[in-house]
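In the two complexes below, subunit A is the common chain; its partner is subunit B in one and subunit C in the other.
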Partner chain A sequence: MKDLSIKTLGAVTMVAASMALVAPAMADGKFDGVTLRIATWGGSNKAAIESTLVPKFEALGGEIEFVTGSPQANFAKLIAARGRAPFDVMEILDAQLPDFAKTDYLAKIDLSKVPNTKDVPDWSYNEMGMASWITQETICYDTEKFADLGISAPTTYKDLAVPALEGRLSIPDITSGGGLANFAAISYAAGGDLKNVQPGLDLIKELNVLKFWSRGGETVTQFGTGDIYAAIVHAGWCVRAKKAGHPVQTVHPVIGDMAVGVQKYGRLGIMKSSKNYEAALWYVNEFIGFDNQFALATNTGVFPTNIKVAAKLADDPVLKQMLALDPAETGKQLRIDYTDADISAWVDQWTRAIVTN
Partner chain B sequence: MSTIDTETRTSGGIAPVVETGTATGIAPVPETRAQRTRGAVRWQTRQAINFWLKWIMVILAYVFLHAPLIVVIGASFNGGGEYAAIEFPPVSPSIEWYFEIPVGQFESLGLSFALAALASLSAVVIGVPAALGLVRSNLPGKALIGIVFRSPLQIPAVVSGIAFLQMFYLIGDTTGFYAQGGFIGLAIGHIFIAIPYVVGTVVAVLQRFDHRLEEAALSLGASPWRTFRRVTLPVIMPGVYAGALYAFMVSFGDVPLSIFLTAPGYVTYPVELFSALENDFDPSILASGTLVILFCLVVMIVVQRVVGLDALLKIGGTGKGR
Partner chain C sequence: MTVRWDLLLIPSFIFTFVLLTLSQTLFLEGSFYRDLGLGRTSDEFDFSNYLRAFTDGFYLTTLWITVKVSALAMIGTLVFSFPVAYVIARMRSRWGMILLSGIVVSTFITIVIKVFGIIIIFSADGWLNRSLMALGITDAPYTIIGTQEGVVIGLMYFTLGFGVLTLYSVVQTIPYSLEEAAEIHGASRIRMFWRVILPLSMPGLVAGGLMVFNMCMGAFTSAALLGGGKVFTLPVLIQRTIMMEVKYSMAGTLAAVLLVAVILINILSIMVLRRMRVARGVLA
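Now for the complex of A and B:
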């Protein structure tokens, strides 16, 4: 018995040693021993990346670790660490770009090493960042409730300001992920602009909102419980509500004569403090590639930056119904340039007008 | 017109206060049997109302405290596949989400328990001598030292998190040892926020401590150390237990400080859940939350059986005021 155990142990050791010797040779080995740290959200976002990019990177000999958290939290860490980020690549929100522009935290991206830029629109990248996903901010409404109440489908934010919908609306809080983009869009729609958001605040007060959501997932639950009949939320949440069995539909709101629908987007930035620049470039390139963009879009309901994926999404009946996929439509959607926006003043005004009233 | 009240005993027990006469010289009208019966009925009704009001209040308080837990536990048993939302009561009962809990959450749970245990233990080791010093010494600036020990409660945890992160970078630049993003960094932060709870509860016990107990021990020949071990410590132990329990809970549930000190492989359970929820909702979070609730319940039952929750929570123990 003792001999058998020793023999077995010996055999196992030899097999393990052989595997250890053979495994690196089997891999490409381009990133042997590299641990790439990515600052991004947890949940389904991380799961989608884990299913596509992690196996590919591991096949090249490296390892990917995630520093999960919102871009706001990760930016706070970055500031606290005075730019010495505990990660190599970071997700950045469009509203954070002006703040990043004031810092020296990002490395320039060598675009010649990101060949997948051929499949993404020109506006979506430059040397300082690469758009990684887009959300289409919509009005998501319960078609059955609207029919019961005899209300026609909304086309503008103003259409939600009807007595029958009082206390039946959920819109993003200004501090939430979609808060700034939607607040800016509502302000434009109400006749204001980025310098004058008061008309937007007046319209929001007129809406008589039940809940200012801090996480889009709350609206899925609220549609389920029947608490709300409509929500201002990105199409991905409406997709999830639909797939959860709720009779909902999106509308891309008309914003004056300037746009139909609103977009918010995220960007990938490579940290200047990164010691894995080449691996980070690989990650950025693969992130905007077909496989990852398709997994992200179908798992989380975001709109892909990769135009080939956008065309492919038309095969999904729910996504086709909920997202604007035609380039002619998406080209009309509003993207907010926060360069001239005083976001602190917006938050102050919001707090005074909405929170304290 | 003043009245004279008397208490009348009936066969049913103490009867209500009944007005039986005046002080104006007019002879009191004798109370009839019917009046006495009506009074007793009124009194009994009032007692019954008080009794039920008390119970309704207790039940409402319990519902208020436990309703969120009941919703979490109930909703965790709702099936519905990938796109399920919070449904309570569950519309399609299932335990599928218990099999979908990511391994990372269990790892985080283990880290959080280890951190909380270390933080509460360290807080006791630091906090008890600190409390003794604060209450019994004649140190100049004692009040200021007390404020320093309480300061982790007054500084928002998010500020503490940023401060620790910057401090760790500063120390790392000087010594080459960077504590952030590892167990040591997290432990230092958690001990920092845990200490005030032990200091607070032990100080409260010591301020009501009957010094004659120690004097008696000393006068009977016990050494100061033996007196501390056999007299002082047993008396202040409920305060130590309570402080350690609070310290454990604060450390276990902390997000704002930990979020700055975590790194891959060292993510605490609340930060793991918070990060997952920031992006979307995954019902497996309800399932893992339910397991934690049940675990805490089991711990409470064990503590009740072994030590007794009363002993844990009765700050002051047997110490009497002077």
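Now for the complex of A and C:
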């Protein structure tokens, strides 16, 4: 017994000593001692990144910290800090691009150090940012409730304006992540445009919604509690509702004769104030790489920017059912250019028109 | 040697001053400059934000809604918490302390969890709505999301525990012998309540009511979650103005309006109470 204990102790000591010698060698790498701070969403989005990029970065000796929050909240932090951001890389919404263009907060991306751009479409990147994900904004509806009520599947937003659905709809608040893209799409579909959003507001009032959601996850809960029969939400939330056992299906709404379906996208920007530029470039490149894009798409139901991943998603039956995967279809989807949009005026008009105070 | 215990107050004073007064002062100062977008403000001192806050119907309506839901929640909280506080205060068994501890513990539960509990209770497929429809009381599920009633219920849920704790200490100050005396002289329970318990509780009720009202005026979570983006109170509008619209000056103005409104309502309430007391004294 005594011999065994001594032997065991010896073996443990040997293993510990070997680990102590090997561990620094394993961690030794390109980004030793670098702490990269990423401003991003929390939840499943962050979880996907943690499963793919964090271990890779740690293997290179660095560490990734997350500053979680919506891009709007992170932008507010950036403004408050006068551009001296408490993060190196930030996720930016497409709707924020005109605002960012007015600032001098972003560093130029050295595209020669982002080789994964070979797998993403040309529109999705330039020196100031790299599209990191795309959402397909849809009408997600409860097929069983619609069948019970004798309502046929909607094709566009106007189809939701029926008495049986009054108080049974949830649509994004204009200040939420999906708010601006969907509001613009509803305005277009109702006969308005980015300069004249009043038709969109009129249609939203006609819809008589239960709730203007601020987080897409709320709609998954509301499908579960039976509070809503349909929601305007990105396909990823409908995927999650489906996987949670709710009988839901997506519809890519017809936007007049302009488009079928709506896209919103996020971009990664590197902060000019970052002292970890090389590490930030590594992050941007890896983000659009196959592994991370696949994890993001399968975990959250967002549409990948990486075209190789897009082709692979058809293997997942739920994603195949909920997302438009055919390039011919996705090519027809509306992407809003906010350059001429007065977003501040939109928010003001929305608040006054929609709030029931 | 005399020990200067009062010096111990200095650290907490500095702490409070830095965290509370200084931050409020910065916001208040910012409210006198115009928003230029993206969080930038003008250099010229002006009153345009205040002019807008007091002439724009939307802001005035929001202030009115905030006062209304807070007042209704305060009344509801007092009505529901007073009997509970009374019963617990008059309990002679150990159950009194157990129940009181339960209420204290309930105040530790985060309001987000409490509000989600309400949302689930009132959900369309929830037991409450199913029971109401099964009994034929309602034809369709009753929802509280996106309604002012819902916000009031949420605020009440937020403040009920505090209300009970405050009123418990008030009832404890009323000697039980007064109730026994009234009973011996033939007063019914209702008469005793109106003529003995309520008048003696009035200062505590007003103080507790104002505390609850002030909490409701500044409450964000209940109003935001149950308002459903359709009902705006001032705290919800302030959060939106800061975080989403990045208009710090306007948000500062609204915060100042909220603060002044709360202070004025408190002062007015105390003045009314004093006048009532004086009038009662004259009549007596």
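Details
By definition in this document, the second predicted complex is superposed on the first by the 329 of 357 C-alpha atoms of A that agree within 3 Å, B and C clash if a C-alpha of one lies under 4 Å from a C-alpha of the other, contacts with A are read in each partner's own complex, and residues count from 1 in each chain.
Basically, a residue touches a chain if its C-beta (ideal position, glycine included) is under 8 Å from a C-beta of that chain, and two chains touch if they have at least 3 such contacts.
Remember, predicted model here, so these are calculated numbers, not experimental data.
When the two complexes are overlaid on subunit A, subunit B and subunit C occupy overlapping space and clash.
Once the two complexes are laid over each other on the shared chain, residue contacts for A:67 go to subunit B alone; subunit C is not touched.
Contacts of A:51 after superposition: neither subunit B nor subunit C is touched. When the two complexes are overlaid on their common chain A, residue A:217 makes contact with subunit B while staying clear of subunit C.
Shared-chain residue A:42: touches subunit B; no touch with subunit C. When both complexes are overlaid on chain A, the residue A:243 reaches subunit B alone and has no touch with subunit C. Look at A:80: by the touch rule set out above, it reaches both subunit B and subunit C.
Contact with subunit C, but none with subunit B, is seen for A:99 once the two complexes are overlaid on the shared chain. By the document's definition of touching, neither partner reaches A:156: not subunit B, not subunit C. On subunit A, the surface touched by subunit B in one complex and the surface touched by subunit C in the other have residues 73, 76, 80 in common. On subunit A, the positions that touch subunit C within their shared complex are 72-73, 75-76, 79-80, 99, 102-103, 167, 173, 175, 209-214, 225-227, 344, 347, 351-352, 354-357. Considering their complex, residues 37-40, 58, 61-62, 65, 119-120, 123-126, 141, 143, 145-146, 224, 228-232, 240, 242-246 of subunit C touch subunit A.
Taken in their complex, subunit B has these residues touching subunit A: 80, 82-87, 161-162, 165-166, 169, 180-181, 259-260, 262-265, 267, 271-272, 275-282. Interface residues of subunit A, counted against subunit B in their complex, comprise 37, 41-46, 65-70, 73, 76-77, 80-82, 84, 86, 177, 215-218, 220-221, 223-224, 240-241, 243-245, 300.
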